[in-house]
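Common to both upcoming complexes is chain A, partnered first by chain B, then by chain C.
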Partner chain A sequence: MKKPIVAVVFGSRSTEHDISVLTALASVIKPLELSKKYTVLPVYIAKTGKWYVGDEFKKIATFQTEDLEDLLAKKQPVSLLFDNGLRLIERGRLGRDVIHCPDVVFPATHGTHGEDGELMAICEMANVPYVGCDMESSVIAMDKILAKQVAVAHHIPTAKFVSFTKIAYESGSEEWHKKINKELRYPVFVKPAHLGSSIGISRVTHKKDLANAIEVALHYDTSALVEEGVENLIEVTLPVMGNERLHPALLEEPLLKSEDFFDFDTKYMQGGKGKGKGQGMSGGQDKEAQGAQGYSRMPAELPKGLYEEAESIGLAVYRALGCSGIARIDMLIDSKAKQVYFNEVNPLPGSLYAHNWSRAGVSTVNLVEKLIKLAEERFAKKQNLTTSFSTNYLQQF
Partner chain B sequence: MQVVVDSLMTRYDRGGKGKVVVLLHGWADSAAGLRTLGNALQKNYDVIALDLPGFGGTQTPKQSWGLDDYVQFVQHFLKKIDAGKVYALIGHSNGGAMAIRGLADGTLRAEKLVLLASAGIRNEYKGRNRALRILAKAGKLVTSPLPIQIKKKLRRKVYKTIGSDMLVAEHLQETFKRVVTDDVRADAAQITLPALLIYGELDEDTPVWYGRQFHELMTDSTLEILPGAGHFVHIDRPDDVQKAIKEFL
Partner chain C sequence: MLRSLFSMYMRRYPAILVYMLQNTEYRALPFLKWFWRTNDFSKVTYRRSLDYTGPALMLLWALRIGMGLQILAGFILLGCWHFRGTLGAWQFGVALVISYPIVWAHLVVIPLAFGRLLIIKPRQRAAIARSEKIFRDHQAVRLAIAGSYGKTSMKELLLTVLGEARDVAATPANKNVPISHAHFAEKLTGQEDILIIEYGEGAPGDVARFAKITHPTHAIITGIAPAHLDRYKTVQRAAADIFSVGKYVDPSQVYVNGESPFTADYLKAHPAYNAYSESGVLGWKASDVTVGVDGVRFTLKKDKKILQLHSKLVGRHHVGPLALAAALADLFGLSEKQIAAGIAKTAPFEHRMQPYETAGAWVIDDTYNGNIEGIRAGTRALADLSARRKIYITPGLVDQGRETRRVHEEMGRLIAAAKPDIVVLMQNSTTQHILKGLKEAGYAKEIRLEDDPLDFYSNLASFVAAGDVVLMQNDWTDNYA
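Showing the complex of A and B:
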């Protein structure tokens, strides 16, 4: 029997391009090949935005040499067709085109032009099954303001915040400052609405530094939010898998790697206090193991009852945002007040958080197989929906 | 930490308490290159180290810049972050040339100046540079039929062989050409504040005689030559450099 073709799409015009290459190669392509159940089609989106296919993109060495530019210059980018599934057309010599028709798309992109719903939209247009969160939930998850608004509407606790668009802020910055100073307690975190990692995020302890921090956030994005800092902070993150029936992995507590004073970014974000990487930072250490993004403790060592509370809030957020396939929910805990706050959702976690799944009993091979199955199930359900029907409106017009 | 200065996202580090000390890195380096020195100084000073435009985490200017543009940028940056009164400016290599220019024309103010293997003496190789320019033009002509990627590789090799920093930061070629042709000896002659000049004995990029010339030109300077050290004198001999700076400040 012919093996299903899985197109693993990665790279793209994103600040997280390199992380995406690692996710694709180590956490998706390798386990897919180990499973021996699929034919892997690596689809690399270069920083220029051009799409390429080829087995050379399965090797990390391809991305580690200065020759990548030369390789891409020699190679023909593929063109896409969206009728009857996704078609990737490689222009061959003498007019002999090679047409790749993946059965499933496995997005392994992070950040903009991929994780944010754009790649999912292409899959929706092509009507092809794809792994992970769907277009709508990806869009919501990658917009920190929208995600928090959805959480509030579902009575899920989240740190108090004020949000605004660049246009609104620029037409009355003083008013916004007054509103922030009245409604929020310092320190506050200023964040661009969309970008991942810690890009453009500032921790502000004094009113006088607020305007500069907002200017930084709005340099990166068309909207931003200012959020109250959580005291006695413990940061946790929960990878979740599933469509209707949800399967949480272990609650993970990222820890800091270094207390080096002149490592200013770290110090700045953590506010000079012990551990914790600030508000809204993914990453961190494992007294016990090193994960994809640094060190962390798994499962998180939390006061009694808080672990269950955080897990339940994580699952509630996953449902509220309409996530499917896989996502990772970041939460902030005030350890003294024993209060868990939803922070943000990562709809395509780096390395799929395979280190955590593996600790939770799901091997990397098992993980990618399960995710493909979930993608197929969601696709099959969607096919049963009526999305077009014949009318005679135009004849009546 | 980040701040927007003149529409450029600018990354900088700030730490420690005391009088303000500002670190300016050299060409194709970043604040990270001065981290060990910054770490040592922040025990007694409020240390500010920024990535200059085009380097580290700071955006590249849309147009090509000259030394004066960089100096002005530093001034705007210090104002934007409300740095307060600067006690000392410490500049390595091209950062040293920036400090000299800024202090001479009043764009920057400080009470003390430290130059680490400072650049700023630019036109001593006129003949050599003219010959290289002719060679570059001839090379361009000869290699013109070759594919662009091969041309790029050849160019990188040639510039590396002649020891030029031009392609170290390829995105700043035009800026590089402007910066390295700007001589600051006339500016150095105007500097009256106490200055400490540290040069590495084995430095080939900014040789010891640069230090001697600046030392002669400045009114109140001390010159230290560290044996066995190269251009990155603060990395080659960190303890000696830190000790000298601490005593001087």
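Showing the complex of A and C:
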């Protein structure tokens, strides 16, 4: 029997390009191949935005050499055709084209031009099943401002914030500073609205540093938000899987002090072993594990009630944003006030948070299999919807 | 076919031959058997590679030079034919050039065989004769351990428990043939209280020969199973050889695993023999057995003595040997506290029901297990353990001779009885028989067939998750792969 073809799409024009390569190779392609149930088609989107296919993109070595650009220069990029499914057309030798017809698309992109809904939109247009959050929820989740607004509308607690576009800020920065200083209590966090992996995020403790932090955030994005810091902070994250029936993994607690946060370098460049900004980390206890993004405690050591509250808020956010397949909900807890705040949603968690799922009883191979099944279920359901119908509307003109 | 043929002409072919020699301990026959069984030499060093020891390097260069000279001779003959038209020279030349891999694979064993016959064997005979006198004159209790399986585990277990209060010496690792016994004897101080000697039988007459040299005062028979059937032919002949140790000790000092299926007749025929089992031994009664990945717990009672014991060994099948170790310890004068402390120190040996954690799952590594009784014990342990998912992994057993089919079908039934959620079989000649056994027993859950064991084992962490228990039984070394 012919195995279904799964196109794993990764890379892309994103600051998180390299993380996407790791997610695709280690957490998606490898387990998919180990399952022996699928034929894996690696689809690499270069930093130029060109799409390529080829088995050489299954190997990390391809991305570790300086010859990648030479390789890409020699290879023909693929063209896309939305012809009753997604078709990737590879210009073959002697003018004969090779047409790849994936049965399922597995997005493994992070950040812009992929995770933010763009790739999902292509899949929607091509009418092909794809793994993870759909276009709408990805767009909302990747917009920190929009996600918080949706959460507020669903009465889900979130830390106080002020948001603005680059144009609005540039036309009256002092007004915005005043508004921030009036409405929020320091320290505050300044974040670009759309970027993940903590890129462009600053923690500001003094008013004098605010402008600089906003400038950094707006260097990366067209809008930004300034968010009040949560006191007595415990940061937790909850991976969730499912379409209608939701399956939470373990509530995970990164091990860093309240005044710290993981920036990109800490998360990825130091293999997660570095210190959070500002302070050192402790580690090495039984329940502590080195996850994809540093040392963390799984499950988070919280009082039962608070744990359940955080889990319940995580699931509520997943539903409110219309997530499906998989997502990771980040939350902030004021441990003294026992208050859980929704922070942000990651619609395509780095490495799929496989380390957490594994602790929660879902093996890496099972995880990708389940995600493909969820994608197929959602797709099948969507096929029952009527999206066009015949009218005589044009005949009247 | 072509790939395998050309694999003999690879540059590393001489190193592969030396690797094969090294892995067969430079014995001609096993090496030649392996050589003729091998289809593709490029895959021989898949798991490990040659250890460049002095003798290995010497052989490697001898092979390289020999092969080079043969190729050179072949080309000289071809030259003679080309330039001088020497009759038949091109045929011989081509034959020499083509045949060098096969010729030197056989030539290399000749000096080894002669060396073994003329130098090593006489030296070994002298050492064994000296050891016979050492064992005969030694005042210690001499415990012989024989059986088709479980010998090394029993030896280590006794060493740990009896060593708690007595001066005990045991043959090292799995060194269990007369020359190993001789080396062991040479290192004895003469002051030991107890000597534990493992008998590694391999052919009819072996056990009696070992007993004549080591003069045992006590004998433990750990069990009978189809093993080494290439030489014994039948399990009954293997059993007769193993039980022959009973002729060399007082029958009341023979301890037999009463749970092994082929021992019942001998126990019936020799009422003085002592059976040990999960129920107990020598009047000690075992009860309250609980099994977990952290080991086995049980109570041992005799008259007014009550021992609460916990061993880190995994599986109910350890209760019998542990009870025997405790009973012998009592017999040899150890206190109850010393016995409990000794039992608590017993832990799994490497690759023998050895639990470790990966990706939150418990993996029980039983890859040194190579017989059906070990499979029975392991699968029973798997059935006893509670888990979210139970996964069973095996390539099957080797050296089962004519019993191969029967043993593997039984293995399939045993696996099915453990009710694993997933069975992973490494695809080879035994797979069909295991599948048949699984089918006969009505196993209807997931079966995975893997054709690359190394790849599967390397990626095991990707297949498991917290709450899983994985039992891996047996592993085929390169010469069986």
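Details
The criterion applied here is as follows: the second predicted complex is superposed on the first by the 364 of 397 C-alpha atoms of A that agree within 3 Å, B and C clash if a C-alpha of one lies under 4 Å from a C-alpha of the other, contacts with A are read in each partner's own complex, and residues count from 1 in each chain.
The rule we apply is simple: a residue touches a chain if its C-beta (ideal position, glycine included) is under 8 Å from a C-beta of that chain, and two chains touch if they have at least 3 such contacts.
Model, not experiment: these values are computed from the prediction.
After overlaying the two complexes on the shared chain, residue contacts for A:L146 are found with neither chain B nor chain C. Shared-chain residue A:L246: touches no atom of chain B or chain C.
Contact with chain B, but none with chain C, is seen for A:E69 once the two complexes are overlaid on the shared chain.
When the two complexes are overlaid on their common chain A, residue A:S202 makes contact with chain B while staying clear of chain C. In the overlay built on the shared chain, the residue A:S358 is in contact with chain C alone; chain B does not reach it.
Greater residue coverage of chain A by touch, when chain B is weighed against chain C, goes to B. Once the two complexes are laid over each other on the shared chain, residue contacts for A:A211 go to neither chain B nor chain C. In the superposition on chain A, A:K30 makes contact with chain C only, not with chain B.
No residue of chain A contacts both chain B in one complex and chain C in the other. Contact residues on chain C toward chain A in their complex (touch as defined above): 359-361, 388, 448, 459, 461-468. Interface residues of chain B, counted against chain A in their complex, comprise 1-4, 9, 12-15, 35, 38-39, 42, 80-82, 147-149. Listed in rising order, the residues of chain A touching chain B in the complex are 69-70, 73, 200, 202, 208, 212, 215-216, 219-220, 260-262, 264-265, 267-268.
Within the complex, the chain A residues that touch chain C are 30-31, 34, 36, 357-366.
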